[in-house]
Structures are given as structure tokens and as C-alpha cells.
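Below is a structure I'd like to ask you about.
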């Protein structure tokens, strides 16, 4: 049995300006020790998906409309507050995007680190603090025994994210959700933080859901990938499948945006247009307005059903465009500069 | 009052130091109409604020136009009709000297509202100039100017206003100035934080690089852009000013007879409240309802102009 | 920490000096003299009295002399109430005002802060709307409206409580409520705002994600920061309660400092005005110092400033 089995998860926000369909029927599953990457642009609903699993959506205005999330045989979405508290921070932990605001500035690091331990296990304060020091050492914080009693403002951003990781893993959870754990950090620290997460995952055998907008990060880290757009699933499959055989126009376009995969000197590719406004119902394919492929129909009705191309590899098989050709051909035809037409001087871009 | 908390709570994050004031960018200025239109449509949805505005306008009209329509003169005494309860002739009753209370409430309202307006303008002028200068010049000048404001915040101002009124006679115009001099502090703080957040934006740099003088930049660019928060704080300053005036009048230091403000009427009323409770209830009621309305309008405007803060 | 307190003490002393100087100038600028009354006094006698109190000397010298006296704790005689010194008057009235003021402030805190916390935690429910509407009403009913109304209802109509004088515990209730309610309303709104700001912070989400129960989130994670706005307001609240006491002591005929101050200002009782101003200002300065210290204790980020 899978550790986590999410089915048709749907979270809406009921605001004054209408219903925002942040997550619209997302399904995926995850085994013990596995890593799932959820990829998409800002506003694609990937963070809301994670918060919904942890039931951290502010209600109101948010509401989980339907779906199930079976975690080790229990449905997270139907749990009472008491049972939920036993899971949170104990069996499922989460690391947030911005370490600067996610730690309480009024409490010592030690207090915040041992909180989950003392909440979920019978442990005296002293051994809890010792465990906290060990946890800090494991994420590479120097002089941990001294610094454990500092306040968050005495740490840099990268150090605070390390503290967050130590805090999330101190109870040795079965599942770690990492919500864009490196986005708010300096580029120089990003790789270190990813390494620490990977290393701790190996040590503890934790399953990880990694939320990111960077398909490049996913490639080196994840077993499975879920591509989201406009609150919906566009494509899912193994990292290899998604990476080497992307099927959905959006996945293909997203792949084109990875800087390191683009030819040097070429202007960085970005997907033209803006993410959809999910406060209005989207007919058919959410990506249709921005899709670079030749349009073959007008989007209408329900969104396209998921089709399985090969075992484990699904895509939202849209019938409104002709996406049989590789994306490069479309982009060139659309008037985008191809490699050989570039002027010589463009090397300065890289 | 809220800006105390801002400096304390957000001390760690320089980027949000000015978070209390809504940031209005050059884009908003270009699309100025839509900003104000948006704010107006948000305000219209706030029933409490709209209702308060209606009541407030009614009270203003009542006080300004009322005396012309009333058959009574505010100072005409009728000792035979002294201290009568509300009746068909005198809707609010009469005071101990037989003066019609309704006309006196109207005339008192005129003075109270006038004080509210004029003293707020004085506070506005001082606060905006001081705050904009401090925020714009920045650096050490800003630090010491704001330290001075902090210092003044901690002072027992009413004591000075009382001494000022005693020392320089009890003229109404002096009172306007004295009250204005007390109430400019919050204004200065809000303008400053608005200016600082604006100063970092490109269009000010552009104006500097075009060689515009500092004065011109302040007048043309900065002041129009901090207008929103200033309108809000002004709306909230009016009731504070009226409160201070009523306080002084209550102590006999404010408006002098035969003129009367609501504060004077409340004082007269409380002296006789055992026997003639209406003398207290009518002016006190008008005063409280006006303050109520102004506070709700101010809160509504804040929510409308700064949607981020609406969550509170 | 000690250095911080020492610095603030020096600052406070300077502020007090400034206040004393301004008050002295204001009093000196008031036309007439404390001794010119309706009763005709022979000019020679008036001159003699003025000389006795030092009024014939230049203003600079008078300032230095009076400052010297005040520093020695000697506030001088009352110019209007013969044979009584300012110190005597303060000694008699201060306990009354202190009692009234501290009960009011305590009432304001005990009522306002819990109401604010409750309103923030239960926001957008009737537990939020009701206390907040009441507090808005409280802010719009200043002491000089609230006082007479309370006296009218509880003193004259219901006859539960005495409305004038200062003879026993039951005489404290109405004036202290009048003074305290207004500031309870402020504290409630400030506490609600502060707590809401804390409850909306990201770290609250972190705590929830750790499985921390809501009650612990409020008490352990949010209270420290959420109380800061209310604590900052303690200084202004004390200043407000002092000036409010001018009104309340008049309404309820309480023999406290507030009544003395207004009378002294009107009667040009220079030494009494100076003495009382210094006393009031000193209380406010001390309160602000305490507030600063508490803030540093609550907010770890302020320690190194």
C-alpha cells in the first residue's frame, strides 16, 4: 500500500470576488522513501495542494471541497483536529518557502525545536534539547550546542532554513513536504539546502514531496513528477518519462525554460502570456490560451480526461491543438529565433 | 496608535518598515482614477461606513442649516419657559435660562465641527510638512526628527494645552492652533513612512536625474502619492480634535459664553442632570454619534484605500 | 541592559528638565501675578508680597532658584492658599489620585486586554463583534460624557452607588469605571490588532504544522508579540488618565490632584502648577521607561539596539 494516496483533491477559496479554484481535482500517490516533485508556475496550485494535505488552508475563505488523501490508511481530509495534531509535525512535517518569517522571532530556537518532540513523545526537556543539538549538527550548523539557545534573528537565511529542516525532521516523520524550500534563499545556498534535504532523506528513509517551479531541480532529485497548471494536473509520470518524453504542451514549454538546457547565447525562453485566472471557470484545457501548438478546436466543456501513454505516465490529453510534433518545430515556425540565425555577438548573454 | 506597534513588531525587516502605509506607485498615479474608483467601490460595500457618512452629513446639515430654519435664537432667553422638557414647541426642551436647546445644539455643533476642521487642517499642515521633510531628507536628520516626535509622544500634552489656554487667553483661534500643535504627531509618522517607501521607487530617481529641485519633487510627486493614508489619518484626527476641544470646554478653558460648543453644553447639562437630564442627553448624544460616525468613516476609508489591512 | 536603562534615565531627566522649563515660561508669560485678586491690595503691599516670593528678580534668576528648590524636593508655597506648601497639598491629594488612577488603569488592562485577545482569536464571530462594538462606543464616549451618564444611571436612577465625595470603597467604583472604560476600549482594540497581526504571521502556520494546539499557539507563540502595541500604549494611557482625572475628579467631587491642577492653573498658583506638572511628567516619564524595559524584555530583536 502506498504511504500517501491522494484522489481528486479539490480546494477552493470563496472570496468576495468569486470562487478561486486553487486546486481542482488533483490525484497522485507516493510510496515510503519516494520523492515526488510537484512542478508549475506561481499560482498553479502546488503550494495549496500541500497545505490542503496538512489542512493548513485558512478556513474560511478556503475549503476542501472534495477528494481523499489516504495517509497510511487514514483520510487526512476527514480527520478531526485532535487526530490531525497527532499526525502533524510527528508523521508529516513541512518546510516552508520563507525561513525568515517561518520561525517565531520571539522564541528561542531550542524552544521551537523541542516543541514538536515534547508534543508528540514522552521526553524530558533535557534529552529533547540534546536531540535538538544533534539535529542541528546533522543539518550542518556549527557550534550547535551553543547556538541552539539563540533567537532566529541571529541566524542568516540559509541557516534558518537549515533550522527549519532540523525542526521538521526531529520527529523522524514518514513524509516531508518541502514547499519551495530554496526559492527565498541566495543562489549560493540553494544547492546546499537541497543536498541536506536529500542526505537526511537517505538517512531517515523519509518520503518527500518537493514543490518547485524549477523543472531542473526536479530532474536530479525526484522519482516521480506531477506537473500542475491552473490548479489542475497536466502530466504525471516518472522523472525520466517527464523529462525525456514530455507529452503535454505545457510540460514541453516548461522544459524549454530551464536555463541550463538552453543553448548558450540564445535569449532565455519564457512562456508568453500569464497564468490563468482561476477565479473563473476554465473551459477545456487551462493552457489553451498560451499553447504554442497550432489550435485545432475551441476549448469547451469539462477538462480533458487523463490518458495513460505508457505505464505510470499520464497526461491531460487535450483535443484542442495538434501537439504531435516536438515543441522546437512549433517555436521556430512561430517566428522564434533558431540557433543558426543568431547574431555572433549574442554570446554576451550567457 | 497603530504605528507604535509597527515599529516594535517589524523592527527586524527594513523592507516592511513602511508596511503600515499603502504603497501607491507611479502606475497608480497614471491610472489614478481607477485607484480612487476601486477605493470608492470598496467603500460603498462597507455598509457601516456608508451609513456613518450619511448620518454625519445629516448632522452637518442639521447644524449648519438648522439655525436658519428654527424660529428661535440661540441666545434668546425666555425665563418663563426655563428648563422645560422636550415639547412640540421646543423639541429638545429648553435650558435653565429658557433658551431653545435644539438651536443651541445646532450652534454648538457648528463650533465643534469648525474646531474639528480647522485644527485638523493645522495638524495636517504641520504633520505633512514635518513628516515629508524627515522622510525625504533621511539619514541623521530623519533619525533626530523622528526621535523628537517619539519624545513628544511621551509628553503630557493636555497639561500644556491647559497652561497655554490660561497663559494666552481663551480665544477660539488660539485653541485651534494649540490643538493642532498636539495632534500632528501621528500624521508626521504616517507621511514619513509613506515617503520613505516611495522614495526608493524609480520614478523619484527619474525626477532627481532630470534635475528637478527637491521642493518640486516633494510637492509634485511625494505629497500626491501619500494622499491616501493622509486622508485616512485626517478623518481619524477630526474626532480626536473634537474630543480635545470638548475636554477643554468642559473644564471652562475652551469656547467661552455666549458661544457654546458641544463640550460646553455637556458641561452645563451635567451640572443639572439630576433635574433636567435632557440638557445632558441631547448634546452628549449628538457628540457621541458624531465621533462614532467619524471613526467608522475613517476605518472604512482605511479599508477601502488599503485593502491589505482590511483583513483586520 | 544596564547601559540601556542608564541611557533612558538620563534621557528622562532631560525631558523633565525641558518640561519644567517650558512650564516655567508658560506660567511666567501669563499676564498678571498670582497675588492680584479682586480684593484691592495696596501696591506697596503687593510689591512686598511679590518680593517675598522672589517675583521682583529677573526671570533667569527665578528659574535657577526654583529649579534648585525643586531638585531639593522643595516645591515652594502655594501662592493662593495661604500657609500651605505645595508639598503639603501634593502629600494630601496624591494618595487619592494614585488610588483612583491605578484602579482605573488596572480595570482598563483587566477588561481590555482579555477582550482584545478573545476578539482576535474568535475573529469574525459574535465574540469579536460584540466586544469591538462596545469598545468603539467606549472610545466615542469620552470621560466627560461617560461620567455624567454613569452617575445619572447608577447614582440617581438606580441609586446603587454614591455620585460625589471620597469616603469609602464604594466611592471609587463610578469614577474609576468612568476613567478606566475609555482606556479599556483602547487596550481592547490595540490588543486585538496586535494579536491578529501575530496570528497572521507565517510562524503560526509553522506551529500548526508541528501539531501545536491552538491554545498553545495563542499563549506561547503570539502573546508576547501581540501585547506589544497595548504595552506601548501604557505611557499615553497614563497621561490620558491623568488628564481624564481633571474631569472625573470635578464630576465626582474627589479631592485629588486633578482638581487642584485645574484650579491652580486658573488661579495662577504658579508654584502649585509647576509642582504638579513636574509630578505628572515624572510619572509619565517613569511609565515610559518601564514600558521601554518591558518591550526589550519581550522582544529579543531589540536587545542589541
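Miscellaneous remarks
For reference, chains read A, B and C in written order, and residue numbers begin at 1 within each chain.
As a working rule, a contact is a pair of C-beta atoms (placed from the backbone, for glycine too) under 8 Å apart; a residue touches a chain by one contact, two chains touch by 3 or more.
Predicted model, so just to flag it, every value in this text is computed and none were measured.
Each chain gets a centre from the mean of its Cα atoms; the one farthest from the centre of subunit B is A. Located most centrally within the structure is B, per distance between chain CA means and the overall CA mean. Chains B-C form the pair with the most C-beta pairs in contact.
Note on chain placement: the centre of subunit B and the centre of subunit C lie 22 Å apart, centres being C-alpha means. Chain centres here are Cα averages; for subunit A and subunit C they lie 54 Å apart. Centre-to-centre, using mean CA coordinates, subunit A is 49 Å away from subunit B. Residue numbers of subunit C whose C-beta contacts span two or more other chains: 225, 299, 301. Among the residues of subunit B, those touching two or more other chains are numbered 12. For subunit A, residues that reach two or more other chains under the stated contact definition are 105, 153. Note for the complex: subunit A touches subunit C at residues 54, 56, 84-90, 93-94, 96, 98, 101-108, 115-116, 119-120, 151, 153, 164, 167.
Only residues 15, 19, 22-23, 26-27, 29-31, 136-137, 139-142, 144-145, 147-149, 151-152, 156, 186, 190, 192-194, 196-197, 200, 225, 228-229, 232-233, 235-236, 239, 242-243, 246-247, 250-251, 261-262, 265-266, 268, 273, 277, 280-281, 284-285, 288, 295, 299, 301-302 of subunit C touch subunit B when the two sit together in their complex. On the side of subunit C, the complex with subunit A involves touching residues 201-203, 205-213, 220-221, 224-225, 298-301.
Those residues of subunit B that touch subunit C in the shared complex are 1-2, 4-5, 8-9, 11-12, 151, 153-160, 162-164, 166-168, 239, 243, 246-247, 250-252, 263, 266-267, 269-270, 273-274, 277, 280, 284, 287-289, 291-292, 295-296, 311-312.
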